[in-house]
Structures are given as C-alpha cells and as structure tokens.
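Please find the structures below.
Here subunit A shows up in two complexes: once beside subunit B, once beside subunit C.
Entry: the complex of A and B
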C-alpha cells in the first residue's frame, strides 16, 4: 500500500516534472513565435501539455487536468493543420502557461490539494477562445472538462496491440490498472479489451490484495509508441508491457504469443477476435514454431525460413542492445540537492581530516606513512573535484528563460529585440545559478528598457531596426564570466557624473576616468532613469545587482561605448563551497581573508598607528583606513612586536586589516556558521585547518560597512574625512 | 466502509466501497457466506449501494464468480450502481452485469 509519505514523494516528483515540462512548453512556444510552422516545436508543445494533463489525472488534480485539456485541444487542432498560431494567440498561450506553472507551484504536496483562481482561469480561457476563433474546429470552452475529444483522433486503420501482465504487488502499491485503461482511452479508442484472469484462483485461495490479472488491449490511436509506453510509466516496475504497432508483421504477433505466459491458443484467439490475425495466419504461424523442436528464438525461425537474412537480424539485435546500453549509461539520475550537499559536506570533512593525517605523518617522520597519506590526499582531492562537478549544471536553461523576458518586455515597450545566447553549455554551480537569476533579470530588463533605443532613434543613429541583446558565458582563469551586452546607446557618462555630484557621491572637482564614472551606477541609491518606468528604474538599481553578485563572491564590471552599446561582465567563482583564502592569525586565533580581495601585505610600523580600533595609516602618501581586528573582535591586545597589515580591496574601496602573523594561501572548504552564530557581524563562515583548529572566514563587506560608519561618526566630530576610495 | 448484508439464503447486497482498502474484509465475509451457502442454485447480488469500485474489487468479484461457477451456482448481479457499471464496462466484463433485458 502506498503510504502518505510515498504518495507525497510521487506528487513531488510530478510537481518537478510538470514545472520542467511547463518550461519546455514555454521554450517551444517561443520557438513557434519565431517560426510558426515549426512542426517539431508544435508537437513538443502538445506533448508537454498532454503529459502534464495525463500525470495530473493520476493525482486527481482536476483543475489542472481541465485547464491543460483546453490548451491541448487547441494545440491538437493546430497540429492537425486547422490553423496557425498567431502572435496574439501565442501571447495568450504564454499567459495560460504561466497559469499552469502557478497551478503546479500551488499544489500542496501533503494533501494533494490545488486551490485555483477560477475567475482568472475563466478569463484566460475566454481570451483564448476569442483568439482561437481563427482556428476552425476549436471550441475550447464548449468542451466539458474531462470529456474527451475522441473524434479528433483520426483513426489510421490498424490498432495498437498492448499486452500487460501485472505483478502481484501492483494493487498493494496503490495502483489501479483501471485508471491506466481509462487514461489510455484518452489517447484513442479502445477497440478491444480482454481481461486475462487465467491465474485467478477460487475465492478460498485468493489473496485479495494480490493482482492476478493481465490485459490485452487494442487501441485505435495515432499516438506514438513512446506516448503509449508513457501511459504505463508509473507502473513500469510492476508490469510486463508489450506493445505492437498497428499492422505489425505476422511474426511479431506470433512472437508476442510466445512471450506471454498463457497458452499460445488463448492469446491467439484474443488476437483473432480483435481482428489482428486471421485464424489461418494463426494456425500456420503456430505450426511453424511448434514444429521446430526446442522452440528456437523467433529470429532463427525467420532466418531459417529465409524471410530475413541473418546479417540483418544480427545487426538489428546489436543495434537494440547498443541503444539499450547507451540508455542505461547516459540516463541521468535525479538526486535531491540536499543529498549532494551532504556528500560535498562530507567530502569537505574528508579534506580536512586528510590534511590533519598528513600533518601528523609529517611530524612523525615515518616515510611510508607520509607517502601513503600523500596518496590518500591526492585521491581526496580528486573526490572533491568530482563531487563538486556533480553540482555543476549548464547555464543554458537559465539563459533560455530570458527569451520570454525579452519578448514580454520588448513588446511592452514596442521595441524589436533579438536575444542571442552564447556559451549555453558553460557549467556553473547550481546554487550560484539559482542566485544569479534575479540580478541577470535586472540587467536584461535594464538593457531593454534603458539600453536599447526605440526604432526611430536606432534609425537616426544608423543602426539596424532590430536591437540585439546578447547573453554570453565562458570560463576565464578559474572564474566564470557572464556577459549581458546590448547594442544600445551606451552609458551617458556626463549625465552619470552630474547626477553623482547632485547626490553627493563624488566631489564636483573629482577627476575621474570614464570607466570610474561608469562604475558609479553601482553606488547605493544611484538610478539613472529619469522616468521611473514599470520595468526598471524604481530607484533600486544596479547597487542591488552588485550586492547580489558580491554575495556570490563575484564581481561586476561595465564596458560601455557611447552610441555603440554596453556590456556588463559578471565574474563568479566556480563554486561557493570552496574558497581560496589567505590565512592570518591574531594571537592563537586564525582568520581567513578571501584571497581575491587581498591586494598586498605590509609590515605595520607601530609608530604610525594610534591605539584605537579604527584608525589610519599613510600608505604611499594616501590615508589608508585600518581596522585593528583584535580590538574589533574583542580579543586580548596583541603583544607581538611585529604586526602586519593586509590591504584588502572591496569594490572601489580599500582598507587595511591589522593582524599579528601572515600564514599564506590556503584552499579551504567553507562551512556555514550554525544557527546560533548566524547573526555574528564580520564573520561569514568557518573552516577547519589541517591541525584541527578552527579558522573564521572574515566577511569583508561587513567589515567595510562598520568601518564606513565609524568614519562617518568621526567626520561628524570634525576630524578630516579620509578618502575611502583609495587610489 | 464496506458492508455485506445477507438477509436470506442466496440473496446478498454490497454497500459502500469495494476497493483495495476493503477487499480483505470483503473477501473474508464473502468466503464465510460461500462456505455456509453452497447449496443454493443462484446468488443474487445487489450492487446498487456500491459507491466505489476499483480493480481489486473487480478481481474479487471475478474470483467469486469463478468459485460459484465451480460449485454450479449462478451469480446474478442486479441494480449495479453507476460506478460499478462504468468500471465493468470499461474492462469489458459485461458478464458480471445483469443481461440488458433483466435490468430493473
């Protein structure tokens, strides 16, 4: 029996599958928008809707079934050549897909309940019906939900023959074969059905919860074999399934007769009564097979009768085998993300303990021991790499989502924009990709809204009427680079400068390079849009994008040429789980500074600094704000004579961190802080050193923030304001 | 909830659900009746109050039919509820339904 948890698991599986399908459907639809006659996209779209409808039916998600049913109906009519998808119709269909996606998201996996906004759905369907008027034969609203358009399926003459033998556990696992028969009825017309109950015992010996049944079904349908197979997807483990296409060769039917457990005559009669074989064919066929002793395989029968040359049979068999093996090897396995996280976490522990073992071995000095721990370490390294790779997914899916954004936004603004995607196969850590979606959307919307000009402006500038937006991803020295570029009018540096001065972000006399001015748009509270539109420019602008990228330990940069376009370039680490750090210590405490933020290390001249937490030193003629980390974190004051300053860069700001000792680079696994310590300021995580000691990873962004505040507080008490912008 | 009532010999009525959840109980009760009642000529089974039926229930009916046939007893069903009729027609088991002429 299926318990609640298993059911929830199944339902969760469906939710995941359905959201993937909806997304696929959207891609197909956008493809159709480009080329309305693309049959492959059309049938892909149809299949996606059909599968969602079918699976939703298995979970009794009636609203989803009836809604997708309308879409499926329309698509079926279009597919059968009854019309084409007009751009208006595609727009409505896109909104319908949104509704499907939101329904899927609203399914409660515990109860299987699905609340719906019926009014909204009715409106959508009414719009759909209106738009679909041009498509003859479609009356999306006239069809009762759940009623089947059996007439729409054009019979192709012969029937599919489907043989099912259920395993004893089928019913106990909560599957009802009748539900699958009902569902099969949606693919076409069941012309013939025989329930096989030959093995069903008398009442006294019956185990009522075991399944003793089989089904022989003949289906008039123009569905493909895969579609029919998919019907039984859920019970694949609980049944033996044979499917013969319409008008199969006599030998195929004979082979089926042989394969089924019942007597040859019994199955033969079923096939005869279904009209798939004639009595004579059956008798002749069975005699041939019966007469060859020891029942050779059908292939041999065919060969020996000279029907098929042996080579052809071999080739066909080899091909079957190869394709089966390939399917097994290449088939992806769905793994819950948290299981992968668990694995990576464990691998992280392993890295640490292996490093510890190596340290001890080296102390001990036993050469054999050192050697074997080294081998262990190498393998651990490899495991770590492989484990991290498992989290990598291609960025293409994320990029493809922007087809829709570009289409919607450009339509809204009346601009004609083409999206060009490159490097879709570049792989990136899944968690990074997830967190990247928002900032990317912001950049894309910005580019369409502010970057690319409207048609008249473009014509005046001598550019092609169609604007170009490009998303590109590639690897560059251990980092991932993602570019969002447009061929619009570029950034107006004069305007940015004026505005920055007006907002007090820079001094009116400041002498900044073009590039520095461009970077000002990332400053907090800066928004260049003069008119706040619905799309972007709500005052929260590029600074939000920048902090999102910062949170991913990445960086963002602009490249803009006036009149020619703008490119935003995001650089991200390959993974969030590992960091290249720089190890420093304060007394006995070890701290890690993210290595890519470190610009230089200098020795602290004790005479330079006043004994306070936040002070300044002079670095090459400029004031460098410094934090005495020991004082900042409330550690006992240092007694070390020689102290050091680690100069770190954060964005355009620069500051020094005063520490005791420098230990050098290390690559380390980041462990998040526990619940209790999550609100700690200035610390972003921890890691364990080979010696077993804990090192805290500094949150540089937060330290800069603190420093900034103390500097502002200082400046109010009439002290000279230090130039935080360094260089 | 499955209920089997057995007012007079040879007359039975099923009520409620006959699905995978109830088949064990139903099987138990039917087997008991079968044991005590193998002397009648026919079983008349009222299916009017069956609210829900699934393949497990159908299988039980088939096994009952088979066992009765073995004992030379005729199984006559009558007044099949809509759910019963729908499923038996779907599975082309019309011999478990009353013949068209005998429909009440």
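Entry: the complex of A and C
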C-alpha cells in the first residue's frame, strides 16, 4: 500500500498534470473556434478530457470524473457525428473547462477531498446539453453515464466480427476497456459479446493493474472497417485487433481462429454461438490444421486480409516506429524547479572556481597547467550554457493563453479582435516568464479595452472592422524584446499632458517631447481610479507594469502614433542567473558592466572633460553624456592618469562611464546582495571574481533612469544642475 | 580564539551568549544566532550606503553584508587590527533567512546569562541608543550589554538611512 506521503505526491502529480491538460484543452478549443473542422484539435481535446477523467478515477475524485465524463461524451458525439462545435457551444465548453480547472485547484492534496459547487455544475451541464441539441450530428446528452441511446441500425446483412486482446498495460495507461465497447455501441448494435478471460491468473498471482482480458464482439452496423478501427485508435498500441467484415468467407474465420492465442475450439465455439459459423463448418475447418504462428501484428493481419497493400503498411509501420522513437528522445522529463536551481547555483560556483584556477595557473606560468585549466574552462562554459538552457522555455505557451483573454474580453465589449502571435518559439528563462504573465495580461487587456476602438469608430477612421492585437517576441542584442501592439487610436498626448500637470507630475511650462509625454503613463501616481473616466482608462496601473518589469531587470517603452496604434516594447535579460560581464575597476573596487550593453571602450582624453561627476565629450561628432562613476558613487577620487570610458547603450540612450581600468570580459554569476541593499540604486547585484574578491554589478537601466529623473527634476524647477553645465 | 571558552552544560534558566568588545564596552548576543567567527578580511565597499554598512565579503562563495557595529552605535568607523573579527550571525528578516557579518573589536567569551538577573537598560548613559539594548547582564567583571539584534539590524531604519544617503 502507498503511505500517505506517497499518495499526496501522486495526487500532486495528478493536479499538475490535470491543470496542464486543462490548459491544453483550452488551446484546442480555441483552435476549434478558429477552424471548427480541425479534427486533430477535436481529438486532442477529447484525449485531454479522457485522460483527466481516467486519472481522476484512480484517485476516486468522483465529481471530477462525472463532470469530465459529460464533456467527454459530448466531444465523442461530435467526433462521431462529424458535427462541429458552434461558437455558443465553445463558450459553454470554455466555462466548463474553467470549472474543471477550478475543481482541480480545489483538490486537497492531503486528504484527496474535492468540494464541489453542485448547483453551478448542474447549471453548466444543463446549458451544455441545451447548446448541444442545436448542433447537427450531436445526439442528446446522456445524463446517466453508460446509458447511451441505441443507435438505429440501417444496415442489413451479417455482423462484423471483432477480436480484441488487450495488452497487460492497458489499465496502467488509464484506459477502460468497457469505454471502448460502449463507444463501439454507437456505431451499431452489439449482437454478441464474449469475454475471454483465459489468461486470468489465480487471485494470488493477479496483478490488479494488469489487464488480462480479451473480447470477441459481433457488431451489426453499416460502418466501414476504418470507422470501426478508429474506435480503438487510442489503444492501438495496447491491444491486438482483428476485424472480419460481415459474411466473410469460411477460410477467413478459420484463419482468425488460428491466429488467436486461445485454443481453436474455444474461439470456434464463440463464433458458432454468435451464429457466424455453423457447427459443421467449424468441424470441417478445424480438420485443416495449419501451423499456428505467433501473434501477428496488426499490420500483418491487415495484409493477410488483403485490406491494405503491403507497401503502405510497411511505410505506416516505419513512420509509427520513427515517431515513437522520436517521442522517446524528445520526451520531456519533469524535474522540480528547485533541483534545477540547485544545479545552476553549483554551475555558478564552478564557473567562479574554474576562473580562479585559471588565474592561479596563469600566475604560476606552467604552460601545461594553463592549457588544462583552459580546457576545463571551455567545458565549464559548455555546461553553463546547457544548464541555463534547461531553464529556458518557449514563450509561446504564455502567448497562447491570451487567445482566451482576447476572446473573452472582446466578446464582453462587443469588439471583433484578432490576436496575431509571432515569435512564439523565442526562449526565455522560466522564472522570467512566470513573472511576466501579469504585466502582459495587463497590457493586453488595456489594448483591447482602451486601445482598439469599436466597430463604428474604426469604420469612421477608415480601418478594417476587425481590430488587430499582436504579441511578438524576438532577440535583440542579448536581450529579449516582447511587443504588445494594437492598431487602435493610440495615446492622446494632449490629455496625458493635462492629466500629468493636474497631478503635479510635470510643470505646466515643461517642454516635453511626444515620447516623454507618453512615458508619463508609467509614472507612479499618474493613474488613479479617477483617471479611468478622465483618460478613458488608458494607462491604468501602468506604474505597476513598469515596476514588475523593473524587478526583472528589464525596461518598457512605448511607441504610439495617434490614430494608428500603440506598441509597448518590453526588453528583458535572457536569464537572471548568469550574465556575460565586462570588468572594470575604480581604484581598488571592481565593477561589472553587463557586456550586452557595452558598445565600445575609448580612452578618456583628460582635456575633453572637466573634473565633475557629469559632463559630455564629443564622440564622432555627437555629444556623449558621461558619468564619472567614482564621483557618482562617492568613492575616493581617482589618481589614475589615463582613465577610460566604457560606452554603454541602453534602448535608445547612450552614455559613457568613466572608469580607471578595463579588465575585459568575464562570466558573471549574479549573487543577490540581499535585503540590506534592496534600496540601492544603480547596483543590481554582485559577483565573486576568480581572485575571491567581490565585484558589484552595475544596473545600467536603473542608472540611466535615476540620472534622467534627477535631470528632469532639475529642469522642472528651472535650476540647472551645476555639474551638467560645467563642461 | 584564545579567549573563547566553551562553557560546560548550560545552566537551567540561562541562555548562552557570545560576548565581544566594541571599543571599551562589552556586548553580548544569543549564541544561537551566531554561525561562525572569522578573521577580518577584505571587505568590498558598497557605494551610497550608510557608513555603518561596511560592505560585503565573500564567505565561501556567498556574498554576505558586513555591518560595522561601532559605526552603527554612532562611534567612528572601526580601524582593523589583528584582533578585529567578523561575527557571522543568521536571522530571519522580512521572512527571509539572512546572514550578516558584524565587525567587532574582539571576541571575548561564551557567557551563561541568567535571564532572571538581566536588568533593563538605563534610560541613558549606556553609550549607545537604548533601543538597541535588550538588557544589562552583570557578572564579576561588570555589566555586559545584551543587544537587541533585531533593532540593531532594523530594515526600516537601514532603508531610511540608505534612501537619505542616496538622495543627498
């Protein structure tokens, strides 16, 4: 028996699996919303419901089983009846999926209990049944599981004979043999059914998770052979299937008798009792003994029955095998996130100690030693890359969730909006993606709610009636860029400006560019409940979005053209754990600049710049603002004669950082500085150098932001900062 | 640590404290907070922080912030000599386990302090902010100030001080 803890573990596994499946099911459903005839999506949806039902059964989660059973039945009926799901039905199904998701979330992993809002469920199911009736090809929903309405048999003639031998793994894979028989019943009338339990062992040896059964079924139906085969599609790998058409030749029956593993007489008796063979025919046939062979595979049976040409079967078998092998190689392994974090931490330590070893080897000067530490370092580098990749997941899953948001919100508002997704395969650190979901939802909702106009306004503006919302992701100079864009009316800068002045964020005389005004919506205190009505809500909670992005060491920017649309552009670092850095020093202190942001290094010509914290130099005919880092951070002034400038680029901004020495590139394992330093501006973390010394990592985004702010604050009060005009 | 005497089995009703010196006064904090005592080594300065936040050190691959207790008490910054130590303590701040190093002039001994005999802090005269004092323990050598570590390391305090420093 399982102990309580193991049980909880299994149940937790199920909860996770079920919520993933519900998510998948929702995606399939939304696909069906787009293309109602998508059979793959339909069977995917069916499979998801079926698996949830099956697994829930293992945990005796009865309410979940019976609820998903209804959904499964409906989907089966749609699949069977070749009907399609109407948009109204999809809406109800989406709500049903929500109910499934909430049930899954409510499961108590300790006790396995599942509280249910039965009234709500009954209501949902009633709506579902109501909607289902309107769909052609869908039979009325069966209220009681198992009480399927008998289908009318229009065909004439004899019965199909179906021999099924389940493999021992059937139950372990979550399939219920009876479900297939019931489903088969929809194709026609099961005239005769015999259970083969010859392999059933004595009770003591019986493995309750193994399936020992076989079935001999006679089916009166005018369905085609393919249709019958399709019934068993899901368990094709877990059973041996023989199908004989009605009124087959005697030889075919005899062949079947020999192919089946049970004794000839046993099968013979079944066929006789089914009325497919007479006693005489059987006796005559059995006298012609053929050498019995091992159980043939389904493909061979098909060939021997002349149903399919051998070549086609070979090709299909090869394809099946290849896809199965591929599945094994590509099959994901579930690993707890903390184990991965632990690995990445250790790899981080390895990077540091390998760098230390190399440093010592170089000091020592032993060529062999230097060479071998270099090799070690190369391997460490590879390990680092692989380890980090393990945390990377595609952003597509996150993007796809918005199909639902767009569908729901736009329907609510009576707008017709199409969601266009690009760059779904762009990979991003899992922890980044997790923290990105909320700000993205905010931006998407805002775009639908306030960005895209309603149909009349769009028509008046000469735009197509259908609004377009685009989610895009791509790489750009070592960062990930995520765009949320709409083709709506854009930001109304005049109103934002008025609002900002009213809120005391800017001075009435302030001369701000369009872009600067647009950025004001990110200012804390800009958006309040009052702003919703005043400013048509655009910009509500944008400061929350910005702080969420800031927390990810990213940045957010806007591009908005009035009347044409708005694009929000989020820039994020690829990962949070390790970055490529550029090491510089100020006196004895070392600093790391994220390498992706460094564009060039130049020597500082002392005559170009006066000694003050902020100034500018001329770089290829353009002014380059410069920061004397030592002075900015309040470190002792530098005594170095030849100082250097590191030119960094962030978004559209460029600046020079004045430092003492340049030390070159290094892999930087980010170590958080901890709570004590959480309010420190301009420093994002620290790292340990090969020498054991600690270097601080510069937060360029924050540095730019702070400087920009202080300049802005000064310009507002019309008191220019002496430093800035000093040079 | 020649001065560090491991005391025998704890006396009931008493709590073991690590005592140390900052300038001329003796202080103590519960030994259950103390993880280790290390020699004073290279401390990396973190800019724009209040002066008592000395910087960070590399403790076997972990970056640990270091506070100068003397500076926290309002005295001039410590000048390291060969008896200067960093006491590494671990405590929960804002629901996170946090390791912090405290620079002290010398580590003294492990004391069994009987909680019943601990006197409340005098309203003034102890030489440091009374808020930092959990109580005064007396033994044959005189008074030892038992620190209220949570007050000494108050995040709110540090936050305000660092924001003020950055704004200037």
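Some points to look at:
We adopt the following convention: the second predicted complex is superposed on the first by the 374 of 727 C-alpha atoms of A that agree within 3 Å, B and C clash if a C-alpha of one lies under 4 Å from a C-alpha of the other, contacts with A are read in each partner's own complex, and residues count from 1 in each chain.
Here is the rule we go by: a contact is a pair of C-beta atoms (placed from the backbone, for glycine too) under 8 Å apart; a residue touches a chain by one contact, two chains touch by 3 or more.
Because the structure is predicted, anything quoted here is derived from the model rather than measured.
In the superposed pair of complexes, A:208 makes contact with subunit B only, with no contact to subunit C.
Of the two partner chains placed around the shared chain by superposition, subunit B is the only one that A:195 touches, whereas subunit C remains out of contact. Contacts of A:349 after superposition on the shared chain: subunit C is touched, whereas subunit B is not. Of the two partner chains, subunit C is the only one touched by A:673; subunit B is not. In the superposed model, A:460 lies in contact with neither subunit B nor subunit C. Of the two partner chains placed by superposition, only subunit B is touched by A:171; subunit C is not.
Look at A:182: by the touch rule set out above, it reaches subunit B but stays clear of subunit C. Once both structures are placed on chain A, no subunit A residue is touched by subunit B and, in the other complex, by subunit C. Those residues of subunit A that touch subunit B in the shared complex are 1, 171-172, 174, 176-178, 181-182, 185, 193-195, 197, 200-204, 206, 208-209, 211-213. Taken together, the subunit A residues at the contact with subunit C in this complex read 349, 352, 589-590, 633-635, 671-683, 686, 688, 692-696. Every residue of subunit B that touches subunit A in the complex is listed here, in rising order: 20, 23-24, 26-27, 30-31, 34, 54-56, 58-60, 62-64, 66-67, 70, 87, 90-93. The touching residues of subunit C, counted against subunit A in their complex, run 42, 44-49, 53, 56-58, 61-65, 93-94, 96, 98, 100, 155, 158-159, 162-163, 166.
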